[in-house]
Amino acid sequence: MPKPIHYADASAEVRAVFDDIKATRGVPDVNNFWKYLAHDPVTLARTWESVKQVMTPGALDARTKEMIYLAVSVTNGCEYCIASHGAAARKAGMSEAMFGELMAVVGMANETNRLANGYRVPVDAAFEW
Amino acid sequence: MPKPIHYADASAEVRAVFDDIKATRGVPDVNNFWKYLAHDPVTLARTWESVKQVMTPGALDARTKEMIYLAVSVTNGCEYCIASHGAAARKAGMSEAMFGELMAVVGMANETNRLANGYRVPVDAAFEW
Amino acid sequence: MPKPIHYADASAEVRAVFDDIKATRGVPDVNNFWKYLAHDPVTLARTWESVKQVMTPGALDARTKEMIYLAVSVTNGCEYCIASHGAAARKAGMSEAMFGELMAVVGMANETNRLANGYRVPVDAAFEW
Amino acid sequence: MPKPIHYADASAEVRAVFDDIKATRGVPDVNNFWKYLAHDPVTLARTWESVKQVMTPGALDARTKEMIYLAVSVTNGCEYCIASHGAAARKAGMSEAMFGELMAVVGMANETNRLANGYRVPVDAAFEW
Amino acid sequence: MPKPIHYADASAEVRAVFDDIKATRGVPDVNNFWKYLAHDPVTLARTWESVKQVMTPGALDARTKEMIYLAVSVTNGCEYCIASHGAAARKAGMSEAMFGELMAVVGMANETNRLANGYRVPVDAAFEW
Amino acid sequence: MPKPIHYADASAEVRAVFDDIKATRGVPDVNNFWKYLAHDPVTLARTWESVKQVMTPGALDARTKEMIYLAVSVTNGCEYCIASHGAAARKAGMSEAMFGELMAVVGMANETNRLANGYRVPVDAAFEW
């Protein structure tokens, strides 16, 4: 079973990614996700570059992006991601009231997705612009 | 296979829900989802009351709520819901640039959810506050 | 892309399975699922034997089994399976009122599954007997 | 991370819901799911009202409804829901033999859902009534 | 909650399956999956016969089959199956470099599956042969 | 609803990615997936660079990688991806016999993933190395 690779034991290639994560996020150490991905330095570097690009504020702000990330993770039932992106969303300004409303929307969407499936509802012409 | 129930053929109970949807949303007719749910007036009424409550702006604005709904629907692959909530999110102000960023986040979250699963990454103590 | 294999074009091995399906179900022809699986006679035979064993009434009656099959198919969004097992459940006695209640339960379960995920609710000791 | 809200620490609004759950189910305390949802009294009240309505025996009896709930939870891999609705289904009369058959159907449906997807089987005209 | 059934406590019917698993795999004891399935001897026997048939090398070798099994388990987030088939794939020759590449493909597929869903990309005529 | 962006109508930025896809794969035009992603040139470029890196043969050959991609897509029920990666896997050497065995493994894994969930099977100590 993979074990975490800590900074002290990491290759120069892995350390370079860890250093960039720490500098970008202003944190003293990277979280477990990156320590496990470090077993595959190519995937580690690509995933970090992708996450950095995708999560940078643009048309959507950081808080909205983290809340979308959390909504997907809750839908998929990924415990690690719920914990880590729940923390990240709160750090980016999600209040507990916002979290409650996010969860209500996620729950409702998962319910109505199945109602639409089960009743085999065809897409309205008005939505096919 | 269920068929849509149109206003002209609906019971008074169903019409009352259709009328409230039309008035609340300011639309001339309800979309197919509700016409199919009309086969079960109890579920129709409950689902509409729940959706109305959940989607009303509160700590989160309407656009953010619709984007979270869309992110869940994309993750689940519900074609009807992607079409209908994609339209609703755009109506609530989601620009094409925002849609592009939403899709990028949804894709990335689905990817890293599986990386966290497969590497069996344990939750960091820092996330267990 | 795989195409259906019809009885007239099938090998003796495939015909034997088709004959057993038709005799067991009392139908003049097998449905598309089996005509596509016929590309792999080993999987065709194993799947049919398994389905036959699993769906035979036992502690649960045929209608309940078909409704469980349908609930899973709706959750997974498998359109073919929703159509075929929706038909099978109705043939086994599922009324439209039962279908409506089944859909209500499936929707609610999909919603509360995500509420439990997102709030990271720990299992109660009382459920760990 | 959300923590459970116990009765002694709950607001009057939350206590009213807890009291109704306890009275309806005849239990001395609510299970963890409700104690976590209590962080959002609006979602707590709406979810309880919905669950109460949906799970009341109607065209389907309580045991069948709980088994459908369990089948969905197993498909989604929601550990909390598997534990809680497994207990509820047993309380409503699901024997171990019924549980075994339920699991066999759930497993088979998850398998054939993917066979139908992968072989891209089109819906039979006979299922499109 | 189901408990494992150990060899010493198993019926003759269950022992026969356990013996075949141990002989086929050359292991001193069966893993937990089979000890839990033993609560339902019919499902135990059918599942073992199916797994044995499906996982026997044929057009695909054992390592490739185990890696496909692992890819599905990671996608579904089944922790037990990730652990057991991760071990089985390694035993069948999957190197850590292969595991890293498998995970990269699984992550990418989960990402692009959602991009295709969300952009509602129609299947190219060239893929409909 | 997004529409495909064809080469003739594409920006220089998008054309550069399309040109690289065509050159790398030796095809006269890109498939629909890329024409839709072209609405977001940043995601288009990143996704193509990632796919190119991930799918290049390494410890795993191209055929195995495409089969893993297909297994994930079948599990998620992504029709576009099943069609496109089914074609890609066949182009990379997957025979129909291999496809049949792949589907059998995918079906079995989806079944046993749920059996493991539902019976709440704990991970064996032997798998925790």
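For reference, chains read A, B, C, D, E and F in written order, and residue numbers begin at 1 within each chain.
Here, a contact is a pair of C-beta atoms (placed from the backbone, for glycine too) under 8 Å apart; a residue touches a chain by one contact, two chains touch by 3 or more.
Please read these numbers as outputs of a predicted model, since none were measured by experiment.
Listed by label, the chains touching chain C and chain D alike are A, B, E, F.
Counted by C-beta pairs in contact, the busier of E-F and A-F is E-F.
Mostly identical positions are employed by chain B and chain D in their mutual contact, as over half of the interface residue numbers are shared between these two copies.
In summary, the interface at C-F recurs among the listed pairs C-D, B-C or B-E; the equivalent pair, sharing over half of its contacts by residue number, is B-C.
Distances between chain centres, each the mean of the C-alpha atoms, put F farthest from chain D. For this pair, chain A with chain C, the centres built from the Cα atoms lie 34 Å apart. Chain B and chain F, compared by their mean Cα positions, are separated by 27 Å. Centre-to-centre separation of chain C and chain E, using mean CA positions: 21 Å.
Across the assembly, chain C contributes 1, 39, 42-43, 46-47, 50, 54, 75-79, 83, 86, 100-101, 103-104, 106-108, 110-113, 115, 117, 119-120, 127-129 as residues in contact with two or more other chains. Chain-to-chain contact here is organised exhaustively, every possible pair of chains being in touch.
On the chain B side of its complex with chain D, the touching residues are 1, 42, 46, 50, 53-54, 127-129. For chain A in complex with chain E, the touching residues are 1, 39-40, 42-43, 46-47, 76-78. Residues 77, 83, 86, 96, 100-101, 103-104, 107 of chain B touch chain F in their complex. Chain contact summary for the complex, chain D toward chain F: residues 70, 74-75, 77, 79, 82-83, 103, 106-108, 110-115, 117-120.
Within the complex formed with chain F, the residues of chain E that make contact are 1-2, 31-33, 36-37, 39, 43, 47, 50-51, 54-55, 58-60, 64-65, 67-69, 71-73, 75-76, 78-81, 83-87, 95, 97-98, 100-102, 104-106, 108-113, 115-117, 119-124, 126-129.
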